[in-house]
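Chain naming follows the written order as A, B, C, D and E, and within any one chain the residues start at number 1.
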């Protein structure tokens, strides 16, 4: 059941060094270092509240939107520090896309949902190209066939799983380099979940993908590398097959066997 | 050219600037320059902003200065030498002349104005021309400056967004200005009042019988306790005796018992009570409720009942406050987590037991906060008491007697008579300040309570 | 000199009138007719401020921000006149518009009360005849022949001219019934005024808003109460309230006109000379007022008691020739 | 109930749920339940009955205000004016011709001719203006003898509707017998202004004043309120300064309205020397009062837009300003509108602060601009409620009906918007 | 780790026959029959939204409080139909107690929390007996030693785990026959969870206990019988040891091995 083809990358797409995140006084991430490369899907697992989402959001500076959040340490994208003042956060987020736990399409048409990013970034000089981008993104997100006849319907009228795929289409429409996914399936039924997992498989290699999940089976199915978080630290990071069959750390083993969480 | 026309022209120029700047920025993208920071339309907005904003600001300033400049010019002319020396008469003639210069069909009152009118036309059109020229110059200069800054790496979006932010910030500042205005206008006059009446006498004196008479630098009859009492008696006691039970029970019934349909209709209906203007309540209280209460009082043997009783005003005010209390209670009860209610029901408690023993105690801080807010609103309410409560500054707890309130007296002291030196006018401001401080404190306390309460369940 | 003063804001084209609430209904009527007569005229702006408050505003100075006319239900006082002069309001034209009575009234269905000035003073004074606080609670406390109900009087507040007139005309008459006090009026004026002019502040006397016409409704729902207001209100509400005779004289057009009724008084308004040629229509307004106040004029229909023909002619002359008040005969 | 009790349980007694005592207890509890529920129902009923009572009284009193009583007057205009040729009634000469006719005199003469020396008592004192208005509307009437319907005096009007003085009742009986009196819809009430004669007063002047005031209020309070709300809700950093703004707004929302009147008096009239009684000042004052209401409503509406929408937009690289103007504001608009309408409705019904800035002055012409002396509908109601003439009772109530119609429809729109667009995310 | 002492009961305390529950139009429970006896702890497991809570709440008619909820089918307590008109719902709920997912002590003192039930039902004729009931309940809920010195403190001032035990004490203070628990540990940390699990062990036999849980390890640890729900139906019901080691149904197996949920 596990995908054991662990690949070795020569150069990592993103890397974090000793990242600490504080919410006001409270430290949510206590020094995490990790490398994420193009070829792998990386899964973050760990009990609730351990800081998976927090860490994920540092990777495209979504934490900037929380006034009390403060980030220390270095995070680079292609070697460039994303927290440096020369980095434009708007462009960063176009390059590092994000998919959220609850599907959150805009209350606009399906077309406008996908076209929104290309429009604000000026990616399509004319309507025809925009149409092309929208179609490509929907195709890649595996949604084209289901919605091609009703692109003007509201995005919120889709089913949960479709909405989530719409959100993925929206994210890839701006042609990002990294896609972050925070528990993208936790609000979905098993069939929709399976579809998303399949999609992740297909997107792999084209984008660096990081996925947070509560479901260990899911982590095992979709990822090549897994990081186990606990109480704000990254306890263990390695090939998914190793983590699940032969964890080095006691805490990881306890978690995987359901002793807590 | 009228000012309005100039405004429109400048707006048009802004639009043109927008189009050109946008097109220019668009060419960078087409020419494939590596990284263009902002979308073309942002460059357009940036340039349009530069073209329009300075010019419009200038015009606004100019339109307040220009008439005075025009008048200056007219006054310099030899014709003006014959004008009367009295400033008021002269102003009248000048303003009539200006009006005539704009609309020659007007009926003439001062003949002198007829001669001056052409001078005004000349002067005004001259300054209008100067203003228009300057505005256009500013418009072009601004637009040109912005145009030269359009480059691929120019962060036009950031600039535009910064301006938007500035606008937003300025809008928020008005709230502070308004607060300062209130405090300043109240304090300034109050200090002058306290030069005439000692604060101690004002706050603790039992005689309210204000007059303009000043003896030994002191005004007498400004003991405001009867007013404070009347205010509390009507707004905080009688009105609340009506509003709290009715409001709370309505909220309980509508949220806990009524079917969704009943709730859907009854809630807006009750809210109408809050939407009826106070002058209507006042009229109703004075015309219908007060006489009815008086005959009732007489029929039960209280023969000295006043026709402008505290009860009439308080009763009607209480009704007005009902939706206020009920919506606060509604919110507070709704904020009690449903698990609390479930917990009680699962113990085998009936609905009313759950409400009385769990929901209301749990919601109590919110309800108390809401009641305090309602009190603060009731004591600041004016028209009902002005129309129905009377002017007699009595210290009595008899609800059928007439009492007066702070707001009634403010209206009484200020309507019409606005000589800002009379102790009576100043007293109105002192009363206003007292009312302001008290309602403010009530609100702060109430909001604090409500906030604490909300936090308890978050 | 001051550029702002050459601005248009400092002039205006409509007449501004403040002052007495007693005169207010008449002034309203005149203002209405003034516009009806020539619809191109701007409607005068009237505010009822009470005579005292109105005169204060009037005397604040000359210019667009001050009223052109103040209505008064009593004559201007010397002190007010001097204040006016001090503020540069030097030419004041005094116009007598007619007469009014301070009427005592009660509901038609109440127990009939008749009073003498002395009884009335005893009921109203803060310290009747300087003999300590007023303890009269019910009418029989003053005169056993009066109906046995509570003393409950609605009357004008301190800023109003009606109150001044009440004190000066009626109360003083009652007060002087005591010879000792009458003597005081020459020897110790202050003490005299304190005794004769102070109105009690307890439950027996209730201040009612000066232009508060609800007072009539209050009387009709409160048969024991006595109201004090202008005769014109009484005339207008003859179906619900009736006058209380003082010294056996009922307030009526005839008794007031003849001066027989003790509460009769003259009504005035004052015009700023400096405004007459600046504010359009002032002369016409005055003329209209005098026209309305003739014997069968529309003002007498709503309760004004007309001034004799001679007086009105004199007033017309005053506004034509802009004859100003010299102030020497004021008190 | 034979649950097996393990021996460990020492202090346990099984409850006899079916026992008499318990059944009685339960009956008592249900009775209390019913009582409580009844009190709740009674509270709702009392509140709504009061409202109904108020409305019924107002409508009962006010409906008559929309009806006017008119009596006939036959006027032979050619006889009174001398002959006027048709070409005098055309084009530019018309207004000069009309101005030359002394309608008041003609009216007085016609009344005396038809009803005798005391005939004037039948008609409103301003009835001649009604005659004039009819002539202006239809100049050709000048050419002949016409039977006009003109408003009666308010005593007769009351005699027709209710009860009046015995003399008026008698006069009315006479008129009725002759068929010289009728009742019709009171157009003048909707188109006229304040006046002294209840038969001829109207609310248009006050209504226009209200409208001008509201426009000023809306144009100031709405943009400022919404922009301030956006700033506070979306961008404001958490610091002392923004706390100050926040506290100011919350406090302003709770300041009694009369205090805003004092502010207007001291700042706008005294300090800035703005004109007294002007709609501009009224609008400014009410704008300060309404702005916090709009800010709070707008903030709530903005807050109700789920953060997931903002995250989604930011996640594809929208800037903060784009997030707000592309997504948040469009979604918050219904809520903002609701709050604004409610705030405006409150301002429309407001009286006290306007009394402070002199908007209670008597004028008989509607305001034409921002700085003209004006009054507003609620103040007009207040002033009429104070009138001696009892004909004003029905006018006051009728004006209240008009005001309530405006307010209730505004509230209804707000409720509709709230229900229609209320989105549960 | 599994408690395999499956007990056979002769007579069931509660039994449900073909129960259907509708929320408005939507059917949440599609015909479930089950028997619950005194001696066993029964666990309900299943993916989110499958109807576990809904079914649990039919057992003490807590669904009555949801206006749109409608229940069909028969549920008996000691043979008596709890949906018959002769059944008084107030008494029913005293006999079938309930503990909720999030601890929900009343904002009253600890004492008053526990005394609440006995007071409204008039179970204690005097103060002394009431004290006795409160003490016994707290002792039985394993909380007495921790709170005996501060009975007047507010119940909400306790820690999460203590609050949940307080809620259990509150439930048993009215001496119920059945206790329903809806994910009682999901808001608790591992240590508090362990305490509650221990408590359930101790209460077993004295009360019929039904527990809903998301955590399969927990179901395995505390229950003797397990029911697996899926999409509104009860897929499988049997001894816990059988369900976990040797499920009869495919869907059960998929769920237990983490294929979905």
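Odds and ends about this structure:
Heads up, the rule we're going with is that contacts are C-beta pairs under 8 Å (C-beta built on N, C-alpha and C of every residue); 3 or more make two chains touch, one makes a residue touch a chain.
On a predicted model such as this, the values are computed, not experimentally measured, just so you know.
Among the remaining chains, those touching chain B as well as chain C are D. Chain B has its Cα centroid nearest to the centroid of all protein Cα atoms in the structure. Chain centres here are means of the Cα atoms, and by that rule the chain farthest away from chain B is E.
If you lay the C-alpha trace of chain A over that of chain E, the rotation comes to 175 degrees, to the nearest 5. Once the centre of each chain is set as its mean CA position, chain D and chain E turn out to be 58 Å apart. In whole angstrom, the spacing between the mean C-alpha positions of chain A and chain C is 85. Averaged Cα coordinates give chain A a centre that lies 49 Å from the centre of chain B.
We define each chain's centre as the mean of its Cα atoms; on that basis chain A and chain E are separated by 38 Å.
Counting only residues that touch two or more partner chains, chain C has 47, 209, 214.
Shown for chain B are the residues that touch two or more other chains, namely 286-287, 350, 353, 387, 415-416, 418.
The multi-chain contact residues of chain E, meaning those touching 2 or more other chains, are 90-91, 94, 120-121, 174. In the complex of the two chains, the chain D residues touching chain E come out as 1, 3-6, 8-9, 11-15, 17, 21-22, 25-26, 29. Those residues of chain D that touch chain C in the complex are listed here as 104, 125-126, 128-129, 164-165, 195-197, 273, 275, 277, 358, 360-365, 373, 385-390.
Chain E makes touch with chain D in their complex at residues 13, 38, 78, 88, 90-91, 94-95, 120-123, 132-133, 136, 174-175, 177, 205-206. Of all residues in chain B, only 157, 160-161, 164-165, 167-169, 171-176, 178-179, 181-182, 184-186, 188-189, 245-250, 252-254, 256-258, 266, 268-273, 275-284, 286-288, 319, 322, 350-353, 355-356, 373, 376-377, 379-383, 386-387, 407, 410-411, 414-416, 418, 420, 428-429, 432, 435-436, 439-440, 443-444, 447 touch chain D in the complex they form. Touching chain B in their complex are the following residues of chain A: 88, 120-122, 125.
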